[in-house]
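Shared between the two complexes below is chain A, which pairs with chain B and chain C, respectively.
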Partner chain A sequence: MTSRIVKASPPRFPRKWRQYLSAYLFILPYFLFMLAFGIGPGLYAFLISFAKFKMGIPQYFAAGLNNYIGVFKDYRFLFTIGNILKFLVVSVPLGIALVVLIALLLHMRPGRFASILRTVYFIPGAVTGPALLLLAIFMFSPAMSPFGPLLRAMGYPSFDSLIAPARLPVIFTVIGFFSGAGMWIVIQYGALQGVSTEVLEAAKIDGCNAWQQALYIKFPLIRPYIIYQFILIFAGNVQLFVEPQLMGTTWIAANVPQQWSPNQLAYSFAFDIGNFGMAAAMSLLMLIVGLGAAYFVIRWTGFFDIKA
Partner chain B sequence: MSTTNIPNAAAPTAWQRARIFSRRIFGDMGSLGYFLRLVVLLVFALYFGLPLLWLLLAPSKDQFAINSINPLAFGNWATVLKSWSNINLYSNGEIWLWFRNSVLYAVSSLAIGLAIGVPAGYILAVARFPGRVLLLWLTLITMLLPPSAMVLPLFLELNLVHLVNTMWAVILPASFFPFGVYLAYVYYSSNLPADLIDAARVDGCSELDLFRHVALPLAKPLLGLLAFISFNANWNNFFGPYVLLNNDKLFNLPVGLQTMIAGTSAIRPGFNTTPGLLKFQQADAAMAGLVMILPVVIVFLLSQRYVVSGAFTGSVKG
Partner chain C sequence: MNTRVWKFAGGLAVVLVLTACSSAATPMVVTQMVGGTPQVITVTTAPTENPYDESAPITVWIDQDRQPYIDAYKKANPDKAGLINEVIVDREQLPAKVLLFNNTGQGWPDVVFAEPRLVARVSDAAHQFPLDLKPWIPAETLNNYDGMANCTFGDAVYCVRNDLAQFVLYYDKPLMDKFGYAVPTTWEEYQALSDKVAAEHPGYLLGTLGDGWSWLSFFDASSCPSHLVVNESDLKINMADPNCARAAKMVDHMIANKTLWNTDYFDATFVQQMNDNKVLMVSMASWAWGVFNGTYYTTADHQVGVAAPLKWASEPAAVNMAMGGAAWTVSSHTKNPKLATELIVWLTTSPDLWSTIPNWPAYKPNQSLFQTQVSSNAIFANDPFPAMQAAAGQLGPLDVWPRFDLISPLTQVVKGAYQDNKTMEEVLPQVADMFTPLAQTEGYNVITQ
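Here is the complex of A and B:
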């Protein structure tokens, strides 16, 4: 050992470099994928947003800012932005509040009942995309839905009387929560499992009942996970596409405008009129919104504590 | 535990017995709180559970029954068999080709994603090297970009290298799994003692040996959780294949299901029925939906242990 330490001084740098090298080798495949499928497409979209397309062939920088101006001037731009804002205002706070409430209630008394319920809540997570929408359309049709009596009592005797533009933010929230909540309930429940039992025992001895424990101890301790959920839900919901697309155009032409969400508008720019420049500009604007919100929340809460 | 509070001098009065009994049932929630909790949880159980129950029963009901009898009643087995054969008739059983594609895409992306992601998360947690913090930030940023935002640029990029309309257009982008890298990073940061790593390094253990003999054996719950999340996301991938594929032989189940149902009267009787197409009905659509979601349910039930008590547990610090 001693001889090694004495000898270690001269080749110190090479050894450090060797460690760097092995670290880089571990990370290299991931880094390449990140370049190709994360950063690359983002940068390429940026490039294309200034390009003009002639017969599907891009002429880079030929468009200047025209694609952005085109997007802003499109008559559907403000409409779709307004729609997505309404959807976010309804879906994000409601989604988070209900998920946290359910996780806390389940965790008050863990046991067989709680674990069966957790499974019931989770399984709809398997239903997404077209299958989710298919099921949603059936559930919103009073004639065949198990919720039919409820829908009629609320004054919606038919599918068409229920699906109206003004109600779409709530309807998409109800659909999205059905499929998305289970995963987050499980994650928040997992976070609650991590709350130290010693702290809870101490609180119990001090006369803290189950409700006070939930409110004053468990809730503050899972705050990082709630922020995490906020960031991911916000970034995901900004991109709403499948529900309005299938409901409005592809499947049943319900009472849903053809381009209801910004992502649909970007899709329409690309594949209806072949203007990939405008589509890229639109996608980038949406990315900036998602990233901006995430950045703001991360800075404001000090989440994602990276150890330097 | 509350029974020990009984004063041992005299027999408990009826009032005391009632209190003891109520504490045993209600715990420290109080009776009102107990019922409130029960009602709220059961209402949500109906919201999440009834649609699934309905979907399970729907293939048993023909077009008339589905709209008239009790939504939660069972129709008959003959209709179940008929729905089954109807979805098999569509383009000579193409649904099973999509099923195979879905499995292929989901499992390949899962395998590649974990093979490149877990070592990356591990090294970010245990080693210090220039560029590490930058990589962590890039991971967070790309994690926040939902795949659907990347699809259009991805389409153009893959078009440049002529991969659009091949299976790689689905598998490769889905193998980039920053969420998994971040979780692996958090997991190893909080579950692998730095002293242990340093000691092993001083003893001349190479990084590869360390990973193989120390980090991987520790990673079981992490791998279970990541496998589940990744499989779920890949299985349900719709927007990517929808844009990147146009050969129906390459579709996965979600995109296949979408085309299968578009242009039939499966959802709305009488609407937009393309002449010559198989007459697809609501029971058949429900059956196709079941085929799509059952594998995920099975994977969930198998990996539930990891999903519930997995990598998230160690990372909340009181």
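Here is the complex of A and C:
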């Protein structure tokens, strides 16, 4: 016979679930949005990357690996990958170095002046996408730009003479820095605020000057935030699209190749030749690049083990 | 990470894949046996299976300038006004949007105002957008339009022309008289004049070369086969053709003697040259006179002379090109082709409408209305109508565009040449390098002979 001992009725949720319920609830809104706008489209892209397209209509699993092969064999594939690599090499280290430098400088001299400057740095971030590019066109047009004399001194008498394929990585870096740096300066400044004043005072008593404090105390302590910035900036910059796309339109007609970045090539696959499968394959390749870079940086730095 | 979290995420991913599949399995999708294996195929209504409905409303895509056209139609046909839904769009998006509509199986506009180059792009195998108009518009009407070569694709007629944008030679009559110059009639005379201007009146200009359009104004006029559509599958690209070199040598000569400006027609710096009366002549589209009223260029009364396009001395007649010149096309997905085709015929033929439009009418019987309009206009120093009419009849085979954009690549070549201090002759091979893979991507067989 089975034991007649009646167990207390089990709780409706396992104890561990209950214990973590509030945490799950807190991440739920983010998770839903990530599903709808991140994971969902990603899975859909994975699905259609094996689809053949006829009249823009998918025939699922009819293409096999042909879309991936088509992407690799496209005459612009290596060109766009090369361009984005050049852009990443210029934009990521330069962006991080300048942001950290400015944040450290601001933190050396706290007070009203620094907080005003912090706000000033933040303002360009409010201008986004196409409007930002319009602003950039004015800034790069010697006839209209406040930097006109500088541009002319550098040997660029006109917008057309400045915008050339070889200079695009630097030009897009400048545009990207002024739109994105403000936010990161505020974040790194916030990280610096979190550095314990006792540590800084101890350093001061031990004879550290402001620069030594910045270099040997503050900088190592905000390292996790720098890694975080690297991951996000890298993932963002890999997807460069708006700047080259708009500069190449008939209306602006700068000397920018029609498909300069990999994302533009994906767009062209979809909307010039109607092959959404190749576009999905190309997008997934860029996703792998972004995720791969993040993975290696996390492994290499032991990001999740660092105690901020 | 906690294994439980991974399981949770894995479970969600499975759910998501299932929902993605099931949401794709709407009534539009069927599974068919193809070669013994099941294949999922999405079905759209084939154009011929459309249940036509003469009371179905239609959506018309236009730009801001075409809104008065539609308003005029609604006023003239109050019984149809309620059926017409007009939407102002950027028509450059048409090819991309058509693909999205094909993908979702709905949303196509019924009537679109667009250049034939855009119609060409939506008529390929990936888009299959336009309706063949031949069953819907009587042949005697279709025969009355100029420029229909650009609307004819194989046996099908995919659009009717709204206007032609044939190039003519605009010149500054008082300035030419003051300097004692005669208006050239050949490219050779044009180049010879440039030497005279450079020597006698340095700083004065005979045109501009700074973007794709202005490049075409010289090279298409020289019959340089940079994009010659032979038929739907063959495209001839041969930049080694002597016709390319002769045009390149001429413009290089004029860039060197500083009688050509280096921007597009509407760049602020060229507009400044125009308004400073530094431009003796410039080839531009027939609609350009409409922007001489201060929209771009300001001109005094009786300042603008209009001459026929220049020709090469060895050839019997000029070979002309166009900058724009739009058309109306109808969707093959429309529920109401009768109303859609009635509308586009009215919009292109109505005498009341066309007595006020500044564009050259493609519908031949309306060209006299255009004549009435321009012949009495005070900005002209001579009657521009004969020159424009001659120019309209000289549109060459290169005015028919292939299924890809010519302007952006050409603009890159031209601007790159200036940046690298190269001559236009030196960069001719770049044009072929740009166009050839684009053409192949679009499914053309590229030939050189």
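Note that the second predicted complex is superposed on the first by the 265 of 308 C-alpha atoms of A that agree within 3 Å, B and C clash if a C-alpha of one lies under 4 Å from a C-alpha of the other, contacts with A are read in each partner's own complex, and residues count from 1 in each chain.
Heads up, the rule we're going with is that contacts are C-beta pairs under 8 Å (C-beta built on N, C-alpha and C of every residue); 3 or more make two chains touch, one makes a residue touch a chain.
This is a predicted model, so every value here is computed, not measured.
Peer 1: For A:Gln258, decide between first (touching chain B), second (touching chain C), both and neither.
Peer 2: After superposition on chain A, A:Gln258 lies in contact with chain C alone.
Peer 1: In the overlay, answer first, second, both or neither for which of chain B and chain C A:Ala143 touches.
Peer 2: Touch partners of A:Ala143: chain B and chain C.
Peer 1: So in the superposed three-chain picture, is A:Leu291 touching just chain B, just chain C, both, or none of them (first/second/both/neither)?
Peer 2: After superposition on chain A, A:Leu291 lies in contact with chain B alone.
Peer 1: Determine, under the contact definition given at the top, whether A:Ala97 touches first (chain B), second (chain C), both, or neither.
Peer 2: Touch status of A:Ala97: no partner.
Peer 1: Mind telling me which of the two, chain B or chain C, contacts the most residues of chain A?
Peer 2: B
Peer 1: Just checking: does A:Phe37 make contact with chain B only, chain C only, both, or neither of them? Give me first, second, both or neither.
Peer 2: Touch status of A:Phe37: first partner only.
Peer 1: So, A:Asp272: does it touch chain B (first), chain C (second), both, or neither?
Peer 2: It touches chain C, and chain B stays clear.
Peer 1: Who does A:Val89 touch here: chain B (first), chain C (second), both, or neither?
Peer 2: neither
Peer 1: Considering only touches as defined above, state whether A:Met154 meets chain B (first), chain C (second), both or neither.
Peer 2: neither
Peer 1: Output the chain A positions appearing in both contact lists, the one against chain B and the one against chain C.
Peer 2: Correct list for chain A: 39-40, 44, 58, 143, 250, 253, 270-271, 276.
Peer 1: Help me check something: in the complex, which residues belonging to chain C touch chain A?
Peer 2: Touch residues, chain C against chain A: 4, 12-13, 16-17, 20-21, 24, 39-42, 44, 92, 95-96, 98-103, 105, 125-128, 210-212, 262-264, 268-269, 404-405, 407-409, 411-412, 415-416, 418-419, 437, 441-442.
Peer 1: Looking at the complex, which residues from chain B come into contact with chain A?
Peer 2: It comes out as residues 27-30, 33, 37, 40-41, 44-45, 47-55, 58, 66-68, 71-72, 115-117, 119-120, 122-124, 127, 129-130, 132-133, 135-142, 144-146, 148-150, 152-157, 172-173, 175-176, 178, 181, 189, 206-208, 211, 232, 236, 238-239, 243, 254-255, 257-258, 261-262, 267-268, 271-272, 282, 285-286, 289, 292-294, 296-297, 300-301, 304, 307-310, 312-316, 318.
Peer 1: What residues of chain A sit close enough to touch chain C in their complex?
Peer 2: 16, 35, 39-40, 43-44, 47, 53-62, 74-76, 143, 158, 160-161, 163-165, 248-250, 253-258, 270-276
Peer 1: If we count contacts the way the header does, which residues on chain A are in touch with chain B in the complex?
Peer 2: Going through chain A, the ones touching chain B are 19-20, 22-24, 26-27, 29-31, 33-34, 36-42, 44-45, 48, 58, 98, 101-102, 105-106, 108-109, 117-131, 134-135, 137-139, 143-148, 178, 181-183, 186-187, 189-191, 193-196, 199, 204, 209-211, 221-222, 224-225, 231-232, 235-236, 238-239, 241-242, 246, 250-253, 263, 266-267, 270-271, 276, 279-280, 283, 286-287, 290-291, 294, 298, 304, 306-308.
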